[in-house]
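Written below as structure tokens is the structure these notes are about.
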Amino acid sequence: MRGRLAAALANKLALFGGLITSLVALGVLAGPWLSPYSPTDADFLALLAPPSPAHPLGTDSFGRDVLTRILYGARVSFAVSVSGVLAAALIGTAAGLGAAWLGGLWSAIVMRVCDLLFSFPSFVLALFMMVVLGYGVANIAVAIALIYIPIFARLSRNMALLVRDEPYVQAAILIGQPTRSILMREILPNIAAPLFVQIALGVAFGIVIEAGLSFLGMGVQPPAPSLGAIMADGREYFSRAPWVLTLTGLAVSLALLGLNLLSDGIRDVMDPKLRAKL
Amino acid sequence: MSAEGMSAAAPLIAARDLVLDFHVKSAFGAAHGLRALDDVSLDVRPGEIVGLVGESGSGKTTLGKAILGAHRPGAGRILYRGTDIAALDGAGRRPFRREMQMVFQDPLSSFNPRFTIASSLALPLRLHRICPEDAIPATVAALLQRVGLRPEHAARYPHELSGGQLQRIAIARAISVTPSLIVADEAVSKLDVSVRAQVLNLLNRMNRETGVSLIFITHDLGVARFLCHRIAVMYFGRIVEIGPTAEIFANPRHPYTRSLLDARHGGSGHVATDADETALSIVDPARACNYAARCARRAPECLTARPRLDFDAAGHAAACFAPLPPASGESVT
Amino acid sequence: MSAAAPLLEVSNLCATFAGAGREVRAVRGASFTIEVGQTLGLIGESGSGKTVTGLAILRLLPAHASVSADRIAYRGENLAAMSDDEFRRLRGVELGMIFQDPAGSFNPAKRIGWHLREAIRRRGGEVERWEAEAGDMLREVGIRMPQRVLGAYPHQLSGGMLQRALIAMVFLLRPALIIADEPTTNLDNLVERQILALIRAHQAKVGAAILFVTHDLGIAGALCDRIAVMYAGEIVEIGPAAAVLERPLHPYAQGLLATSRSLERADAELHELPGEPGGVPPEQGCAFAPRCIHVMAACRERHPAMTEVEPGHGARCLLHER
Amino acid sequence: MTHHLVSRRLMMQLTGGAAGASILPFGGARAQAQTLRAGIAGFGVINTLDPMKASLIPEYYIMYGVFNALLKFNSKMEIVGDLAESYKTIDDKTLELKLRRGVKFQDGGDFTADDVKFSIERVADEKNASPNRSKVTPISEVKIIDPHTVRIMTKDPYGPLLNYLTNTRTGTQIVSRAAVTSMGQEAFARRPVGTGRYMVKDWKANEGVELTGFAGAFEGAPRFMSVNCPLIAEESSGMTAILGNQIDLTSTAPFADVPTLEKRTDIRVLKQAGLNTRYIALNNKRAPFDDVHFRRAVSMAFDRDVLVKAVLFGEGVASPSILPPAHWLDGALAANPAVKFDPAAARAEFAKSKYKAGQEGVMLVWGSNWWRRFGEIFVGQVNQVLGVKLTIQAMDFNAALARTRAGDYDAMVMGWLGLVDPDEYIGEMLGSKGFRNIHHYASEKMDGLLARARTEIDPKKRTAIYREAETLALEEMPVLPCFTSNVHNLIRSNLTGFEQFAYANFGDQFGNMKPG
Amino acid sequence: MGAFASGLTRTAQRFGGVVLIALLGAAAVFFALRAGQGDPALAALGDQATPEAVAAFRARWRLDDPLALQFGRWLAGAATGDFGASMVIASGEPIAQLIASRLPNTLFIGAYALALAISISLTAGVVAALRHGRFVDGAATSAAVLGISMPDFWLSYVLIYALALGLGLFPSYGFTAPSASFAGALYSGFLPALAIAAPMAAAFTRMLRTALLETLHRDHVRVARSLGHGERFVFVHHVFRNALIPYVTVIGLQVRYLLGGTVVVERIFGVNGLGSLMVDAAFARDYPLVQACALVFLVCVLIVNFAVDLVCAQLDPRRA
């Protein structure tokens, strides 16, 4: 009885997460067509205007429509986070699979590098990379990638080591399937689910990293909007225009909520046997 | 087919003096090497079914996998039709891959859960160019029919089929590339009693119809007796007795074989336990009978020398200094 | 508690699992009794409900399972009427269970000795003397160096050793009824025989009754007084072991025995039972009908009742219904 | 295992009830009712506490209280004596100052004329590379007449001299020769010894400074014997801190919040028109700002009132020239069309330049949020009006400044706060050798005017010369003057005694503050 | 005996791994910064930089030596706790001194946050698992998801405006060093610690709940029940004890997020810790200081993870 309730609840939550993520994704993709305003053109007659029918989420300190800024800012934040995490997923998974498959020295090198990257506090690594590479959108993506590479490498290596001993992979080897085909066809699809979970979580955390850096002023540079930059600006004017920080913060939370629930959903539908082993 | 007739043919596979060590963590100390195969030799002739029998950890699966190239032996040769393939891996192995296939214990995990049966069956056909691309669906359907399944099973995913069905498909996959040897590793031990017979009959039929050799790994002597022409009994990395099936059953020589046979009949044997070995002081385990610790017939030389496998005229050999007298009168049920 | 009451009486036991959107009826109306000191074999394939039956009696099924029965009585006392807490007091000391997977049966973070000591404590034994008592029991189950086993963590021991230790743990509680759920399935033949011998010896010594769950006809024949054959959650045949194995009534039991016999005889072709086990049993009619070589039209419509064909030996098959 | 949260009440008991008032960003141990908590908001670092070396306003905020100069401004912004009791002009090139007697340095040493000589000469010493060196280079000699009389002699008449001897951002604050010599310059910069009412007790580079009252100060022992000056990088955090009663006084206030803060009763907002200038620095040597027509076009292409409104939220005035309004001794400069927002004129002027629509350029911004806004709004307007493509690039102030000195920049937001003499503004910014001339602007005509202004003593005549210089600057437009902002302090209402000056003073007032 | 000795060896091995990573980290940090953009001299001087001044600066910091030599010198210094001197922020001040004054604050906030996260998650996770599928479980699970969805800096402002400025319960800015007043540190550090802890607590809660539920269904739990052990006994010895293993492991994995979280939160709350120091250093391009901060942070994570490893080995004999 209880179990059923929990299952239904979990399903509903995952569904809800998918719904929110779709909504956020729609906003991110269709942002430019959803709003009549420009994200960067200032309107000095409407500085820090409270929410109104014309500006549902009010205006910021440049008189720009906050909703429009959020829609465009989310594009930037998502683009940075998604590209960073996808790059990490590609590089990390390739390195991890290589480590699992080749073993030996290669595995030792990959794992030590991962240990190293993994031992930096995540935001410290991001901050450090900003000093090394300079501020800017692309460099944030690099920092996010560096934070996530060890996660993907470790995950894919450990999973691949588990899957490698599965009879169907042994069968593929014995049947003479080439290594690349074994990795791509036999192993990758069967470790994909946790990788997808990690991508969803990574995108969520990447947004936090981007926002944090932009918040400090080391991330996306004005007038380009990003969720962190909008919040940083909103924080300056919080006492006078609390809606900028609050509503943008809520938008960030909504996006993260969606991604987190979605990753839960992916986790739930993934092979429970595999999950038990992890 | 008699054993004598078999011995005349050149072996398909001849394993010679294989040694293979694993590095494992032991119960009470640091890691050490475990000798999984200790100087093992085995011939398999074309069309022959050889049973590898023994307890878990005896090395029977390791031997099967070493022959297939899944483990690389530390020493020794594996001759496939006279070519030593023991040291080959990767590209060097590939030409021999098609010749040797495996059927695993767990039917469900033998198939990639992401692909349909059709897709899993088509892959080896495509890989080894067994048939033209457009003939693949028909070939898959034919394969399924051959193992007693319907063509529509091809569209299913592994988890939608039962263990018996999957094991039959695994056999179909193995024979699809017309190999000369199939290693079946405990291929029926996870199956329900009622379908076990289906799979055993199928293996038997495939052997008869295609002439494929089988190495049949099992801990179940009854199953081995039904299927195998010859049986090799393994104990802790060594073959302790080998011979034609009927001989082994009628005339076990090695005390270990005898206790295995006894166990089938509900006798409990003597209660020997895992911890026994420590009670004995064996100076050099490599130069002692590895069954000595548990052996009721232990003689002093068992602790200092290693018994050899000496074949008699019937092709029957037991590695024992004090073998059981022949034809002890034990009835074979 | 009347003297005449059987040790365990189970009537119309049903167990249902709530799955994702559908219900799985794992046990469908199982009824049997076990007398003091007697061994009942519960035979069936995987998924036939035999393990669930054992767990249901001990109230060990997970929360999403619902169990119902007309009556479950231990020594004449209705177990169904007991609260969870009252029932818990019976577990272990009256109704014990030996599980299939010895490796998973021990807490991996605790030493074997801890488990045995807690078992002694649970029974109310002298905890101060636990080491001596546990050592004696381990010796009894064939472990020659108990001290080493007591100090070991589960992952440091082999399956056979663990199963012995598990059995020792159950024995330490001295239950009157032991539910043994395929206790030897994962073990090698020799060890299997030794373990069965241990169980038998213990039974002879203390007079415990055993509900022995297995898929192996040979073991059931050697060990059991009575045998119940399960198929798709139902007991399809029940009777004295010799009768069931020599004169099986139900076509399923007949098929199993034929297969087993043809293997024993090393026939050129083994006797096969057609079809596949498992699957969802049909809403009406006999669950075995799709695989039955004697199937009749009525089999697909009418659910057969348990019919006693000879004293104490009955089957659930229309062939035997009159 | 489980960690129990301590209840708030217990926490209050533990911290002795003073907890609410004692949370200081550093060194909170000495937090008592006697401690004044004066947050320096909007700045994250202090590099030195040696006046000779100082260049950042937060450094001066502290030094105003640690040191005295020879002169200072009174509340009417008149120059009066500080360490000098009185001063008189002997001739055009000689100033005589009578020094206060009985003044003690914080290390107990006596203040004498020798310290004056030492303090000024070390600023002038080329080896010391003082940012304020140019202020004292016209001085030919500091002559000690007696221990309490000095004469400052200049090569030529030197107009700004009096201003440059005040306790403002001049670097001429008086240090103890004995202390500097015995401690060495580096140690002195960390634990300076002055005559002011506060001594530096502890300084952590980017945390803040702890001051302790100097009982022997000639101005008298301060009421608050202990002052904590945390550095609060964000102006908004400074506001949060004073609202949450974690500090008592701030050096600035966020412009946007001034109206809200003025409505509160627990906080008082002190504000007035500031002595400062905010402008866009242009690289006159590099495209596109090497073209005077383009510079003029840009100047007319943005609305300074919009900047005042959107950057300062009204807390300031648009500035038609480089000098802050407070320096216009004879009334405001006549409105010059070159600094008036006029899109049509801007485009017409643009047409005369060698650049076309789509021209690119990079604007460096730095510092706290409002500087960025400044750049953003400017760029946005100019791009809109001229159809050019200016972009923003943010960086650290030091990095930006390094690029301007290397000539590797197009434009940058810039400004100077707390300067008191026109020479500090226009002379340093537009003189070809001026230390604030990062614009690579060199005009003989301008240099001539500036040199004349420097040697002019008569204030009226000086003003006239600067007027001329400013008109020339509006003609050639080497920089784009933008606005002057108000200066603000926030102070908790239970404190009094802080008198605010237009040049943004701070530490000099701690000694006057008291509860009530 | 033998097990003890081998346990010791393994501890030594693990420690060797820690040292190796620390060395790799030092090299990575050093060379990455030098390979990156910016001349430390120009970045540091800026204001009055004449070529002579730059040359003097380079000579003072020995920036013209071969890179490998500079690295060796730095590493040898770092090993003895001497990180050289800050170039920009506090020119000439030994970095070790700066770090020594800042690190305790960061470690305090970090440990405080960890303690908060652990106490919250232990309570919530256990309650949720015990009341699996009931309202409390749903509430705890939902709160956990919401908690993960609150980035720390955003939560910081919510806490400042709600608890500090709104209700006046806690200070809105500033931090009393634990060395000055431990109680004051607990009080003034509460909001920053909570801002860091909340997302952590959420993640820990979810982990613990999952681990508990998974452990609840393990065979040995059922075996323990079959022996008639009481529910409390079963939960404490069979479920909780074993669920602690993945729980502690996850804590080890999250430490890097936790310490990373101090950077932004310290800045918002005006905590003078290592995080805010590093931000200042980053803004000012004070290379030696950035370098040292990054390395110290790295070593902190390594040490915590080493400790977690040892705890895990204690909890899980299979890993010993």
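Lettered A, B, C, D and E in written order, each chain numbered from 1.
What we mean here is this: a residue touches a chain if its C-beta (ideal position, glycine included) is under 8 Å from a C-beta of that chain, and two chains touch if they have at least 3 such contacts.
Treat the numbers as computed from the prediction; the structure is a model and nothing was measured.
Between chain A and chain E, the least number of touch steps comes to 1.
Between C-E and A-B, more C-beta contact pairs join the chains of C-E.
The chain with its CA mean position farthest from that of chain C is D.
Computed from the mean C-alpha positions, the centre of chain A lies at a distance of 44 Å from the centre of chain D.
Centre to centre, using the average C-alpha position, chain B and chain E are separated by 53 Å. Spacing of chain B relative to chain D, judged by their CA centroids, is 89 angstrom.
Chain geometry summary: the mean Cα position of chain B and that of chain C are 32 Å apart. Among the residues of chain C, those touching two or more other chains are numbered 62-63. Chain contacts: chain E has residues 132-133, 267, 283, 285 touching two or more partner chains. Looking at chain B, one finds that residues 28 touch two or more other chains.
The touching residues of chain B, counted against chain C in their complex, run 27-28, 55-56, 162, 164-165, 192-198, 200-201, 204, 219-223, 225-226, 259-260, 263-264, 266-269, 271-276, 278-279, 333. Interface residues of chain D, counted against chain E in their complex, comprise 1-6, 8, 11, 14-15, 19-20, 22-29, 31, 44-45, 47-48, 55, 129, 131, 186, 204-207, 230, 232-234, 237, 240-241, 243-247, 396-399, 401-402, 405-406.
If you check the complex, the residues on chain E that touch chain A are 17, 20-21, 24-25, 28-29, 32-33, 35-37, 132-134, 137-138, 141-142, 145-146, 148-154, 157-158, 161, 214, 255-264, 267, 275, 278-279, 282-283, 285, 287, 290, 293-294, 297-298, 300-302, 305. Interface residues of chain A, counted against chain E in their complex, comprise 1-6, 9, 13, 112-113, 115-116, 118-128, 130-134, 204-205, 207-208, 211-212, 215-218, 231, 235, 238, 242, 245, 249, 252-254, 256-257, 260-261, 264, 276.
Residue ranges of chain D in contact with chain A, taken from their complex: 234-236, 239, 243, 254, 256-257, 259-261, 306, 309-310, 313, 365, 369-370, 372-373, 376-377, 379-380, 384, 392-395.
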